[in-house]
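Dropping a structure here in structure tokens format, bear with me for questions.
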Amino acid sequence: MTILAKLDAPPDAVQTAVDYQTYAQQRLEPAIWDYLQSGAGSGATLLKNSAAFNQVPLMPRPLANVAGGDTQLHLFGQTFAHPIVLAPIAYQGLFHTDAERGSAMAAVAQGGQMLVSSLASQTVEAIINAAEKPLWFQLYWQGNRERTLTLVKRVINAGYSAIFFTVDAPVKQASMVLPPHIAAVNLAPALPFNLAANASVVFDGWMRQAPTWDDVQWLRQQISIPLIIKGILHADDALHAMRLGCDGIVVSNHGGRVLDGVPASLTMLPEIAQLTAGKIKVFFDSGITNGQDVYKALHLGADAVLLGRPYVWGLATLGAIGVAHVIKLTRDELEMTMALCGAAQLAHIRVNNRLSDR
Amino acid sequence: MTILAKLDAPPDAVQTAVDYQTYAQQRLEPAIWDYLQSGAGSGATLLKNSAAFNQVPLMPRPLANVAGGDTQLHLFGQTFAHPIVLAPIAYQGLFHTDAERGSAMAAVAQGGQMLVSSLASQTVEAIINAAEKPLWFQLYWQGNRERTLTLVKRVINAGYSAIFFTVDAPVKQASMVLPPHIAAVNLAPALPFNLAANASVVFDGWMRQAPTWDDVQWLRQQISIPLIIKGILHADDALHAMRLGCDGIVVSNHGGRVLDGVPASLTMLPEIAQLTAGKIKVFFDSGITNGQDVYKALHLGADAVLLGRPYVWGLATLGAIGVAHVIKLTRDELEMTMALCGAAQLAHIRVNNRLSDR
Amino acid sequence: MTILAKLDAPPDAVQTAVDYQTYAQQRLEPAIWDYLQSGAGSGATLLKNSAAFNQVPLMPRPLANVAGGDTQLHLFGQTFAHPIVLAPIAYQGLFHTDAERGSAMAAVAQGGQMLVSSLASQTVEAIINAAEKPLWFQLYWQGNRERTLTLVKRVINAGYSAIFFTVDAPVKQASMVLPPHIAAVNLAPALPFNLAANASVVFDGWMRQAPTWDDVQWLRQQISIPLIIKGILHADDALHAMRLGCDGIVVSNHGGRVLDGVPASLTMLPEIAQLTAGKIKVFFDSGITNGQDVYKALHLGADAVLLGRPYVWGLATLGAIGVAHVIKLTRDELEMTMALCGAAQLAHIRVNNRLSDR
Amino acid sequence: MTILAKLDAPPDAVQTAVDYQTYAQQRLEPAIWDYLQSGAGSGATLLKNSAAFNQVPLMPRPLANVAGGDTQLHLFGQTFAHPIVLAPIAYQGLFHTDAERGSAMAAVAQGGQMLVSSLASQTVEAIINAAEKPLWFQLYWQGNRERTLTLVKRVINAGYSAIFFTVDAPVKQASMVLPPHIAAVNLAPALPFNLAANASVVFDGWMRQAPTWDDVQWLRQQISIPLIIKGILHADDALHAMRLGCDGIVVSNHGGRVLDGVPASLTMLPEIAQLTAGKIKVFFDSGITNGQDVYKALHLGADAVLLGRPYVWGLATLGAIGVAHVIKLTRDELEMTMALCGAAQLAHIRVNNRLSDR
């Protein structure tokens, strides 16, 4: 193992977020790096996420007047400098001692927002205190309503201003063994299964502790802050969430980590965005690696995007500074793409990328 | 050649059936490994079988209530715990001393079924005795009706409860030379050809000993147990089998081993399933390597699937234990896929995977 | 350079024509091997020829009664045992001392036919004497009508029974330098160009010596034996040849050797075959490497096919014996494919490969 | 670093322009080579440019009478021997001491034309003096109208006879550091930005100095020589330029160097050519590497093409001689392609490549 020179600032060679991968990989143990990068099964969905972006062309529109443009976004009563939200990556203590507090500080410093994971390695109170601003919370179902409500009340008390309820990963899959100092410090111990002799671990174990649409309806009645359903790919499920009074959805395949062979979430975005347009907020997740990707997701109908692995590459390399740098690079790329494609505001992106108007 | 440490249990590194490939390849002589893995010609059909599965997306449907679901299947008067049938791989003594008896015991122990090959390396009686339950028999035409009927009567007497008549490999192609202790112990010696001077080995030799539709009609009249035609790709042939009173068909390209350039059998499945729906049973064969593949084949209309090379990887590595483990892993993957896609029963799979309902 | 053991018979490892490539490459000087294998420019058309065959699926039709079938073909008053014609490869003395005489003897011994090249390295008389049967002659335009007619009369006198007029290579492109003992022994020296100072070598040199449709019309009037135009890809040109009274065409892109970026000739075959069906004979050339390819070309409408590089691999390895073996292997593969796809005669191939009849 | 033997003439191994790449790479410092070859971002647009040409088939039309054909082009009152224009590559002193003067002399010697870059490393006067004929000038906006007009007036005074106004690269992206002896000698120093504290470098810096359609309209009124807009991909922008009285457009994605993910310019050419046919001149840029490519661009509607990187490979290897050789090779390939596809004049190309007329 090479001893790595300590870095205090972004290396010159980093021109875009993916350039951080080399540095991050050098700094992380192989098992942790693999855990971060891997997808389910053969990784087919990971490849689809990437290929889907390559298939969306960008259409330059030179000579448009975009001087003075900006990337401002108004969402749930807040104003953000840009539409890039940090995704709820679990156990950030694995990557850097700054962990979730570092990511949250970086998000806020860059005028954006972070979704703090149920599986955070620091307490939700410590993280929001570091951020000094309201954050958003990503909720995993805690096996039953009582345990779930306890967790939700705690994060609302701590100042979290929106709940993103992840519904697409009801089964805890084989994963890495956590080192002793890393844990899901905000959660109570998991409930036991108590299976009968010939029972199915999947159908009689995990799925009896999984949430259903009834639970979404119940949760909606328990809280008054925005409730967003994370992990939607099918248009019917987006409409279902809307009918139950949810404030938004995250079109996501969980970064290709849950079920191999699932479509790219970008493929499913346009139909969902069209059916829900203007009625609920549509976030896009899974596969964003740069500002061109952000532009493409917004063009296909997203209101904002979740950025996942790329900011962890920055976190692993430089802690909070690396996260801030990744956000900045991505936003700069978004601005450049908007300028070249003739969009002075986020709202122009959706209509401006057409290959042809006839 | 490395001396391999003996294994008594599945290695931890095996998370899915294909992980057994490394272990199996280390345990088998190269000629045997190549014989198992190879496809006809350039292997184009093998690649098509695999690519066809990649092109069928899985559609997660979170929040469905699937607690208490199962994978039970009722078929030909029997109830199976799952729809995974072991395919009729020939000469299993090549792979492990457990051979066909090991595979049959594993199939039954896992609540499933096995198709025993005409080219089994153990007697059909020994195999069914080991299984202690009725098995199914894969029939090759024995050159004429008399010889064929002798074989069929023998296996029915031994307790086999269904005949799967393979019709897509009328010519014995160049293959490996069998070691002295491995033989088709259930078959009489092959009939000679007695060709004229300028005669064609194909048209005047092999094809004069090959079965025709008339022979199918004749065979149907000889037996009262279920008769299933294995090796159908064209919808007209499926309908023909149905009209002759067969109980089912196996949509198969013989694992890509007979004619290079044949379509993936998954490609041909939907039309056949639609035309025969509910009237005869449709089995799918060729290309299944995991539980997601099983889900996809059932979604496209199969009632059950044949699992081929993957269980032989387990057999070569650990004998009967390896086969049982492969079946278990595949069934677990099927359950997980059903749970994530919102299907609590096999019957729900066919309707539940649609990318969109509008 | 390794000294190669002399071969007297086909090596066991040769199961299909392409298996001869290794042996041929070992026996030939690199420059000669490259000359044989190469395509124009980047080789894009070579790849297209190959890819086009991969895209045509074969559809097995088991249980058809094909016992006693054959591959006989009646063409221009002759009966051939199969539809595989040797293509007019130039300068065969480069590959083996048997040269064109070896190829012709092999073709006739296998019950087929050979197209002897204008650029043969042996005299047309010596070749037909070796064959002891009428052969076909491939004609290159000799710069003007007089010189061309002299050549045509000579080959007709020698006993050649059909003229295949190659029209798709009017410009002699950069190629290998011939060794001193190899020459186009049947041709008079090339005509000089006499170009003006600023003249174009292409438009004022080569193309002033190239044939036109008027020359085809003239040639048709000079000879009474069958005249076939070789090098047609556009349907209009096929119809033009038909209107001028030609007896057939060869759909060909010259094996990808003339113009890079040209479509696969297999791609152009169906439309041409449909428009000319039954009125003139359609030969297929460019990309055939085995009997499955022959089946596909006949299914798409060809009456017979030209086999090119593959027989030269056999020639380079074993002389006439190698050529005969390549023809035999290819015919056997054709028979096997017909048997598996349910075609007992060549005429059945065209209708029998449909993926579905509904 | 190997010491390279000096070359005085094109190496025999060079049969087409891309063969110069090896020699050029050996002669240039890696940073300069990378700068020349690179595309924006991941290079996706570079690959698209190349793939788009591969997808356009060439259709041979043998037996057409093309003797005496030529490649002459009449454009803006001049007659050129061929439609190949040298693209405005910046800082040519990086590649060879002959620099822009060498390229211009070669273009004129070969009967063609060159577009001299705003970022030329030699004065516009020196370049046109070397050429001894009117050249064309590529204009970058100089931050405001006054500075731009000063530059335009200077080049018109120097004898440049057309202005190609590049509008698709308003932001100067990260690039190589120029060596001390190379500079944009024809330009005044860049204007400063004077940004407010939280201002966007893109929207408040670069884009406030970028030209708009109003500036195009203004420029049109300032000059009477032909004005062509370079960097159009969207058909609406082509029509906009036409309505403002421009004399032509260059369909271009800037050789894939500005925005990664942009469509191949060849993909956008047909619609634009159809909408503007006969009304303004359509130049094609981005991806041309040989004469077949030129033919394809003209077939899809271009009046002439810009040749970029390939002539710099020649320049780097042999100076002006290399550039002239690249132009000659490309023109010869165009002639050969025309002859084989049955086109005797440029005007025939557009109608002659159809795969089928029915």
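As written, the chains take the letters A, B, C and D, and residue 1 is the first residue of each chain.
Note that in this section contacts are C-beta pairs under 8 Å (C-beta built on N, C-alpha and C of every residue); 3 or more make two chains touch, one makes a residue touch a chain.
Quick caveat: nothing in here was measured; it's all calculated off a predicted structure.
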Of all chains, the one whose CA centroid lies most distant from that of subunit C is A
Interface of copies subunit C and subunit D: same or different residues on the two sides (over or under half shared)? different
Per the C-alpha fit, the turn needed to bring subunit A onto subunit B (nearest 5 degrees) is 90
Between the Cα centroids of subunit A and subunit D the separation in whole angstrom comes to 43
Chain-centre distance (mean CA atoms) for subunit A and subunit C, in whole Å, is 60
Among all residues of subunit C, those touching at least two other chains are none
Contact graph of the chains (line, ring, star, complete, other): ring
Note: in the complex, subunit B contacts subunit C through residues 41, 44, 167-168, 170-171, 174, 200-204, 206-208, 210-216, 231-237, 240, 253, 258-263, 268, 271
Listed in rising order, the residues of subunit B that touch subunit A in the complex are 15-16, 54, 56-70, 290, 292, 296, 332, 335-341, 344, 355-358
